[in-house]
Amino acid sequence: MNAKLLGHRYGKSLVRVLKVLRDGPTHTIKELTVAVSLEGDFESSYTSGDNSKVVATDTMKNTVNALAKEHLGLENERFAMLLARHFTSKYPQVQRATVEATERVWERMQIAGKAHPHSFSQAQQARPFTRVSVDAVGANIESGIKDLLVLKSTGSGFEGFPRCEFTTLSETQERIFATSLTATWTYLADPPDYVASNAAILSAMLRLFAENYSPSVQTTLFEMGGAALVACAEISRIQLAMPNKHCLRIDLAPFGIENHNELFVPTDEPHGLIEATIGRG
Amino acid sequence: MNAKLLGHRYGKSLVRVLKVLRDGPTHTIKELTVAVSLEGDFESSYTSGDNSKVVATDTMKNTVNALAKEHLGLENERFAMLLARHFTSKYPQVQRATVEATERVWERMQIAGKAHPHSFSQAQQARPFTRVSVDAVGANIESGIKDLLVLKSTGSGFEGFPRCEFTTLSETQERIFATSLTATWTYLADPPDYVASNAAILSAMLRLFAENYSPSVQTTLFEMGGAALVACAEISRIQLAMPNKHCLRIDLAPFGIENHNELFVPTDEPHGLIEATIGRG
Amino acid sequence: MNAKLLGHRYGKSLVRVLKVLRDGPTHTIKELTVAVSLEGDFESSYTSGDNSKVVATDTMKNTVNALAKEHLGLENERFAMLLARHFTSKYPQVQRATVEATERVWERMQIAGKAHPHSFSQAQQARPFTRVSVDAVGANIESGIKDLLVLKSTGSGFEGFPRCEFTTLSETQERIFATSLTATWTYLADPPDYVASNAAILSAMLRLFAENYSPSVQTTLFEMGGAALVACAEISRIQLAMPNKHCLRIDLAPFGIENHNELFVPTDEPHGLIEATIGRG
Amino acid sequence: MNAKLLGHRYGKSLVRVLKVLRDGPTHTIKELTVAVSLEGDFESSYTSGDNSKVVATDTMKNTVNALAKEHLGLENERFAMLLARHFTSKYPQVQRATVEATERVWERMQIAGKAHPHSFSQAQQARPFTRVSVDAVGANIESGIKDLLVLKSTGSGFEGFPRCEFTTLSETQERIFATSLTATWTYLADPPDYVASNAAILSAMLRLFAENYSPSVQTTLFEMGGAALVACAEISRIQLAMPNKHCLRIDLAPFGIENHNELFVPTDEPHGLIEATIGRG
């Protein structure tokens, strides 16, 4: 039999670095988990045991470290871009390099009402990330956030959906809307400051989530995407995934207790999942 | 600003079912975690708060349950196909339905040397899965396995790779090769028995892994893919992902102890990751 | 052979409730995961298949729900106490009831600079908890926090430790100190407000962590425990567990780069673990 | 305020080693995750910043490695004992050393019907472990297994339990019994072969689980503990924890389908939890 290689890529994942950025006695912590992935002229490593073009994944890890020491600053996108360009420019066999950097955010502690210069807590479980892909044509820059848990305790309903023999769900104008938001937006141009742009996008989406009545996850998702596009001129599109973390009203009638949408059981399984990409009209 | 919907899909994830298949007093356990995802004419639910076409994700869950009771048997692929076809045939607004079913395997216990009729252990952590997508054109059937941990303690090396200023890795003809295999193969035609075909594919790949010297993860991956294609005539291609779960030789020289490839530290971070798709030549 | 029951307890774990506390249009979210455990006269259920005294764990779940609807407020300790007392007072066979409630904290969103009345984010990954045990003698009330990640980027060292043939660690006056703090404190008396007392204890510990030079995890742990005891007169003791989440300086010398404590690799495995209980002298 | 140290211990956790045991070309893999914990005369490290008695946790890790290279064999208990004794005999300040070793089991692959000499799969998710504690008085040796998932699809019921206003559970003589068994047994004397004894204990418990009708988790737990004590004369007691992994019958009546205990939803939350210790009568 003849086997044929239809596609391939390889790299190093879970390369962790933590850098202390110093401005005199005031430190800032930047912790990233980096993944590097290369595509290109590597077919012979699969088909004939020839490693002569295979940049070792251990070398990739060393490269992340060396370049992080020299160049990692506040904007993850600029570091990811520099790293991706290193691989495409240094090795002719590399046709595309993709770098994904996911941040664990360390916030400065407030001690006795003042910002402390070198103490931090990793309060936030949501993870900002960027993914930069570079090839001969140019670069693709995406940024986003993973797993941001948000909830609104009113201002959400779901009505007017079709019913069939397998439908048991009641219509409602009053439910809890909880989701673990993951959003990815695409930059067409460098903004003046990626940190500020990312924050503006997130803030615009959360305002929409909080303030608008939600007739469905779909509608809220679309409105949030639209708000993100308004908030930042440099992005061309945004992809949103919103799992519906159902909070089910607990039936207390067997115990003679009325439950006026006060007590719920939060569930992880099963969950709805709504995904869409929104661009400029 | 005008926002435009560029793409969208929605569904229900993590729908768990466990079915007892009975053959007289002999039971078999089939436990699946199912995800349903629909694409189609749902734009109005995003842009105008119109839910009149939105099959509720709760209805999807009920449908999984009802059809599992009636139709789930030993072959996950046939159940996923039936479920996907239910959605495309019943609702005109559905243009594509995708069903993914991941199995937790319950093996029959051996008690006093005999197979017990109704007692089981969930020994295996690897998860077989199938993903079936149905649209107006036809069906796409993929099956595979996730996270199968395998290791060979000799018969693996890595030599002849390029060196640059960031390269510190030594060449070796003797290393541990450990990986957590994820493989996805595509069926072009129904085999007589999906369970038997999936087992034959897996068995052929493991034989290759065990018996052939590995000059690189890439080469072994390609050979395993080729073996899978030989083992089952009904599949057209296979996609393999092999993270390199590095086992690093521990340096005991500071304690005056030689370590002849006997003692290693298994690590999860960072890890190499090799991915390729192999088709028929 | 005669088997004898030496000890036993049983209960229900992972009972999740989410309650919307309403003050007009302003909501507050309280989400708890509750575990109930009972000890008492249940021996016959083990030794003779007699369930006549076994409060079903499903009944425990229902009881958590019913009492949460009626009584759950801002202070977890008061709810856990009420729940534990319910079991000891209602069922004569129960000699001790233990209730543990772990909170997922939902923080109110700031939208356009103002606190939003019904939108929240679950930003914090650390989990406050309380554990209340009630028996004929009285009650034991513990509160605490699990997995609070904190880091100081200077002001920490480790010197003067003994060296043997297996010692390779260098002495240092400058290292990163990162830990995932878990603390449990014991209340001897009801404070006016558990929420305020818990916050004061945590705040006092973090101030110590930030401000004092750390010659060892042990010393800092002891000082933090002492600060907690000063901060709250109603607690008698505090137990602290501080895994040392090592951030290892990356050696960049092979690449001709000096690393003056700027770049580190954060590691999860292995980690030091320091645990102690501190009381009043 | 005077703070007082009431108790303390410290050590190193998650020290991972993988050893290749060679018998000519036939290899065996032993992978352990080791935790070392020391108690003793360490008070000054907490109260006066004096590290002169503090065996560095990095030294503990090195010691695990060096002694694993020299002494780790098939029986985890003998290695844990040797390691614990090393710490109590070498350092006078150590009054008690506790070593816990948890195994990830690598099973030999069967290739073309034959056992392969150097290829393995980590099929089993349950984890065998041992915990050895040594002090001036002697040694305490516990062994066991964590998280062994087992299920019986018939032969289990729950009847005759008390009912109160919060009871909604129905009585049944036919339910699924699924649990994730964790068991810890205490050796009073060295058996000829720990591997064989551990296997015999486990096998005896599973036979009981499979063959006896279960009127309650409690009864089955007690019978399994009794069977373990019969199976191995060297153990004095066994502690069992059996979370009840509820499989709930799905109500399909709304869809006109009868569900005769065929289809269930497996749930993780909430779950019952039964724990007991059984000794010789």
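Some points to look at:
Order as written gives the chain letters A, B, C and D; numbering starts at 1 within each chain.
The working rule: a contact is a pair of C-beta atoms (placed from the backbone, for glycine too) under 8 Å apart; a residue touches a chain by one contact, two chains touch by 3 or more.
Computed from a predicted model, the values in this text were never measured in an experiment.
Considering every other chain in turn, the ones in contact with both subunit A and subunit B prove to be C, D. In terms of C-beta pairs in contact, the better-connected of the chain pairs B-D and A-D is B-D. Averaging Cα atoms per chain gives one point for each, and the point farthest from that of subunit B is the centre of C. One inter-chain figure worth recording: subunit A and subunit D are separated by 37 Å, centre to centre, where each centre is the mean of the chain's CA atoms. Each chain gets a centre from the mean of its Cα atoms; for subunit C and subunit D, those two points are 24 Å apart. Subunit B and subunit D have CA centres that are 29 Å apart. Shared interface positions of subunit C, defined as residues touching 2 or more other chains, are 16, 62, 66, 166, 168, 254-255, 267-269. Across the complex, subunit A meets subunit C through its residues 16-20, 22, 27, 29, 31, 62, 65-66, 68-70, 106, 109, 111-112, 116, 118-126, 148-155, 176, 206-207, 209-211, 247, 250, 252, 254-255, 257, 259, 261-267.
The residues of subunit C lying in touch with subunit B in their complex are 165-166, 168, 254-256, 267-269.
Here subunit A touches subunit B in the complex through residues 1-16, 35, 37, 42, 45-47, 49-59, 61-63, 66, 90-91, 158-162, 164, 166-169, 215-219, 221-222, 225-226, 229-230, 237, 243-244, 268-281, going by the rule given at the top.
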